[in-house]
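Just so it is clear, A, B, C and D label the chains in written order, and each chain counts residues from 1 on its own.
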Amino acid sequence: MNYQEVVQNAKKNIGPNCKVCPSCNGIACKGVIPGPGGKGSGIGFIRNYQAFRNYGLNMDTLHEVKTPNPQIELMGKLFKLPVFAAPVGAVQMHYSDLYDDLSYSTALVDGCHSAGIVAFTGDGVKSEVFEGTADAIKAQGGFGVPTIKPWRKEEIIEKIRIAEAANALAIAMDIDAAGLAILAAQGKPVSPMSTETLKEIIASTDKPFIVKGIMTVNAAKKAAEAGAYAIIISNHGGRVLDETPSTLEMLSEIVAAVGNQTIVMLDGGVRTGLDVFKALALGAKAVLVARPFVTAVYGGDREGVSLYVNQLEAELKEAMLMTGCATLADITLDKIRKL
Amino acid sequence: MNYQEVVQNAKKNIGPNCKVCPSCNGIACKGVIPGPGGKGSGIGFIRNYQAFRNYGLNMDTLHEVKTPNPQIELMGKLFKLPVFAAPVGAVQMHYSDLYDDLSYSTALVDGCHSAGIVAFTGDGVKSEVFEGTADAIKAQGGFGVPTIKPWRKEEIIEKIRIAEAANALAIAMDIDAAGLAILAAQGKPVSPMSTETLKEIIASTDKPFIVKGIMTVNAAKKAAEAGAYAIIISNHGGRVLDETPSTLEMLSEIVAAVGNQTIVMLDGGVRTGLDVFKALALGAKAVLVARPFVTAVYGGDREGVSLYVNQLEAELKEAMLMTGCATLADITLDKIRKL
Amino acid sequence: MNYQEVVQNAKKNIGPNCKVCPSCNGIACKGVIPGPGGKGSGIGFIRNYQAFRNYGLNMDTLHEVKTPNPQIELMGKLFKLPVFAAPVGAVQMHYSDLYDDLSYSTALVDGCHSAGIVAFTGDGVKSEVFEGTADAIKAQGGFGVPTIKPWRKEEIIEKIRIAEAANALAIAMDIDAAGLAILAAQGKPVSPMSTETLKEIIASTDKPFIVKGIMTVNAAKKAAEAGAYAIIISNHGGRVLDETPSTLEMLSEIVAAVGNQTIVMLDGGVRTGLDVFKALALGAKAVLVARPFVTAVYGGDREGVSLYVNQLEAELKEAMLMTGCATLADITLDKIRKL
Amino acid sequence: MNYQEVVQNAKKNIGPNCKVCPSCNGIACKGVIPGPGGKGSGIGFIRNYQAFRNYGLNMDTLHEVKTPNPQIELMGKLFKLPVFAAPVGAVQMHYSDLYDDLSYSTALVDGCHSAGIVAFTGDGVKSEVFEGTADAIKAQGGFGVPTIKPWRKEEIIEKIRIAEAANALAIAMDIDAAGLAILAAQGKPVSPMSTETLKEIIASTDKPFIVKGIMTVNAAKKAAEAGAYAIIISNHGGRVLDETPSTLEMLSEIVAAVGNQTIVMLDGGVRTGLDVFKALALGAKAVLVARPFVTAVYGGDREGVSLYVNQLEAELKEAMLMTGCATLADITLDKIRKL
């Protein structure tokens, strides 16, 4: 199988809502929920993708770099690339029956681990999903990051215990899921939380704790103050609130504010190794990729994941070679250009 | 009935000129008069809508707000939302025979009152419309704001007396109707008026007097000087003069100039609770919504109005929850982002 | 006949190259020469039109103006509007056989004079056109402005004598025709000219001399120094050089440089009375309109011209009413807004 | 034959990948490789073309220039125009079998020499192409610039010897080909190179040495320091790295940095004489044109090349005439306008 075959398979398997577009840019699916679209006007997703188009790479081949190294050490482990698979949930509803949340997460966790990176996995109203995913992570030696929704504090801490038992590398919480009224309707309310509550949650575990869903400098400061190991700038793919800015546009100022206190990652609109390069140049330590991994799993299961990761690696290495970056630390702001 | 059914009904009932577009943005109907379009190129309407697209919401769920309160006190009353239905006239001509101006206004006044907000109602060449509407407002305990055209001063004051007799909460005048040559052709000329004349008109009543159709800082100052209880930034939906700027773009500087002397409201392009949020963040105390209420009435009469108001409320509360605003006073400039 | 009928007639009569578009904006005909298009990419024409879209009108109806007066005194005469018909040549080639250059110019001169404005008329390789047009102007008491191409100086002065004999109000020269290689190919070369030569040409007549085709501050200064009664900012409708800026964009700086030495007029993209208003607000004393008068003549001959002039007048007066301008002198920069 | 016939012939001959678009702007062929497209999103090619659209020409015909002279002296020779044909390789693969690399380069070298300019020629994995092209250049008295890929230093110097033997006017190297992984796959790896290596290469010959593929100020400084006779700002038509900026946008700052040490040329998006004019106004001494010469050769062989060069000359002279530039030195920044 090659990556083009993964894409062709995905078109057959992924269900009617996702068109597996040549560029996964949020336009064909705007407002398509159930489905992969952004909420309402869909502009939060579209902006994420478009924001990357505002930057170009400063090509320069007069240098001595010949074999760039895109490896990164995070959470005490060495990864092949500064890229993680993002959590995606309710895949049966949004895509097709070929996978359910457990089989999807398991394929993603396994595939990412084999490919040298790590998957974040999701959470749901039914406890089986979180627990089953934890089993899959445990089976991979803990190579996975379970992501908990902002339930009541006690529920969150219960789930942290499950993640610890799986020996997960880290634990995440997507705090921007606080607006998902559908969860309350199913008897499992979520809500915003105070810095104090977040601090207690983070203090309840020795695992690195990652706060996903930061979109302002203020929220970044609160998460850093609460002790987050890392924060992820994310607008949840434009799916929890319409008309948010893009994530990339928030990156520089958030890094300026908290970059020396916590690790800043970026989620939203990353599709290629060139996008990874741009996010790092603007200050992110690593990025998350969501929708393209759905294509990879539906189109090629574990092998699809590997093929996509390999493609990202090849693209990132090419970008580093063509700009003279030997390591990720060389990917600095002067390597890109605001257009 | 739900709101989607209201929309479906409206498509059947509303006549050939309005397409009940997914986004009511002035494009499909540009220049369509009779009909809902903006005049000439239609750009005044289109710009109103587009201006809102220039702002994003600063999502932040690290806070303690769980049940935002969007209520507002104005004209001595408490309203569910900082939203009013705007006056719309000649509905038979612009939409369809299902309603005439009196039945439309009556449905709107009743529906808004039930839903916890208030409707502005219109005026016309024939005196029956204004008088009939006043009766409808009286029947709702005065919950309505009759809007008088800029006729000769004596005629205006006569109509003020009718509105007072109906015990209307407030009285408005849409001064930007001064350019409607069609009224002169029907024997009832309108015209611009001096600050002095406006002052005399306002002084003739104890009711709060609202001046609608302000588009410049200078006009705002004149209206404030004349004693206006509130002003409404409005370009009449782009229907009295082609090629005006959008209303939203004028908001900040007008608030800066007269915000401490009079209440500043915004009309034009408001479609969702997120738009309400943005207008308030930019300094408006409240907003008016026009065309979507035509859809609501033609698609569901009083119930349609309630369903649309409920949707606006849900959207506004969600926006407040996802940005950490407990009350309308918390919706400040830092809660949105110029994109 | 009304103006809509003029437009309908024009669609039948005007030939295959002009589509009589709802907005005459240079897009459908870009590069269509023979025909009305801009040269090459056609962008010079398109930009002229688009430049007007960058400005809005500052509506304000709190004032005492009720009957605006758009009259202007120029060349010692009082005109109904600050609008002139621009010279258009080779109408048989670019449009259709319904008119030739002489019958077109005659209709335009007569129609404009009746309507209270004045037409500029064109020049050509064959001397009959210029001479015949001069006769038509003479028959209208001199109400016309013959426009001479930048031939050799002696030829220009010969044509000035013809124009003087016709008692023309003024004489113009379109110096930007210097690039029309087709004229040299027909044995009548044109060329750029020095300030000194221009000075001699202007000094050769007592008539007001108008230099058309200015696109830079430097050229404006040279024309003013040479004694031009007025200059016309024009890129020849984008037909002599591809990829020029729009004329409107050059207006402010040219007025700032020479506005106290000579009269500055603007040609290019003016379609409505609102466009006239914008050009005046940006500093022009008057404007020229070209292509819409072709529609007017082909669709309604002299009556078509009158109907179009009346429409421009109504639009300009409405714009003045809705912004509080009693006379043209009130149309100042603060009456419009850069969008 | 005229140029329009060349274009018509090219449409028949050029193969399925190139559409011979009215404007060769990279849109129809984006990502089409094999074919003429930019790599990946194709935006590097598209941006090159679009960047020229951001500038207008400052038309001014009040001056004394009547016969502009666009000649230039470079590499010790006088050329008709400041335009060179750029190297294009693998024409069989990207276009059609009508030509192979040797017959294409030979036609281009001969056609350009006859037309008064010079062609750059390409390199390939097989040594026959470079050697055969060198023969063609020798047959034209050295009027050609062989362009060597960034192979290992020893291989480069071997090819320099071949070029010297052909008495080539100058020798070039396209250093941005360093990312072409396909060459390594064929056993002939290319790579970035240090300033030191470049210096040794340049020092190995007495011929003027031109470094093509500069996209940053830093790279320009390194090339100048290494002794380059000239540098060519180029992103390889967007074909070696996706998402680079346009070349034109880099021009001013590179000229400011190294313009007094080396000759700066520009490649990318130049299609017409007006584009040549703009590039010179922004500081380039000369430009390269690539894809339009493919059309010229496939559509008319040597005669096609001549016709295209003649058209460029006519356009450039017209632009000079209409802006008052007697020689290339007069084409200064004030002759264009940023739009």
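Some notes on this structure:
Quick note on the criterion: a residue touches a chain if its C-beta (ideal position, glycine included) is under 8 Å from a C-beta of that chain, and two chains touch if they have at least 3 such contacts.
All values derive from a computational prediction rather than experimental measurement.
Any chain touching subunit C that also touches subunit D would appear here, but none does. Chain geometry summary: the mean Cα position of subunit B and that of subunit C are 42 Å apart. Spacing of subunit A relative to subunit C, judged by their CA centroids, is 60 angstrom. The multi-chain contact residues of subunit A, meaning those touching 2 or more other chains, do not exist; every residue touches at most one other chain. In terms of which chains touch, the assembly is arranged as a closed ring, every chain touching its two neighbours and no others. Remark: the chains found to touch one another pair up as A-B, A-D, B-C, C-D. Those residues of subunit A lying in contact with subunit D across their complex are 23, 53, 55-66, 272, 274, 318-319, 321-322, 324, 337, 339.
Those residues of subunit B whose C-beta lies close enough to touch subunit C in the complex are 40-41, 43, 47, 150, 175-176, 178-179, 181, 191-195, 198, 213, 215-216, 218-219, 222-223, 235, 240-245, 249.
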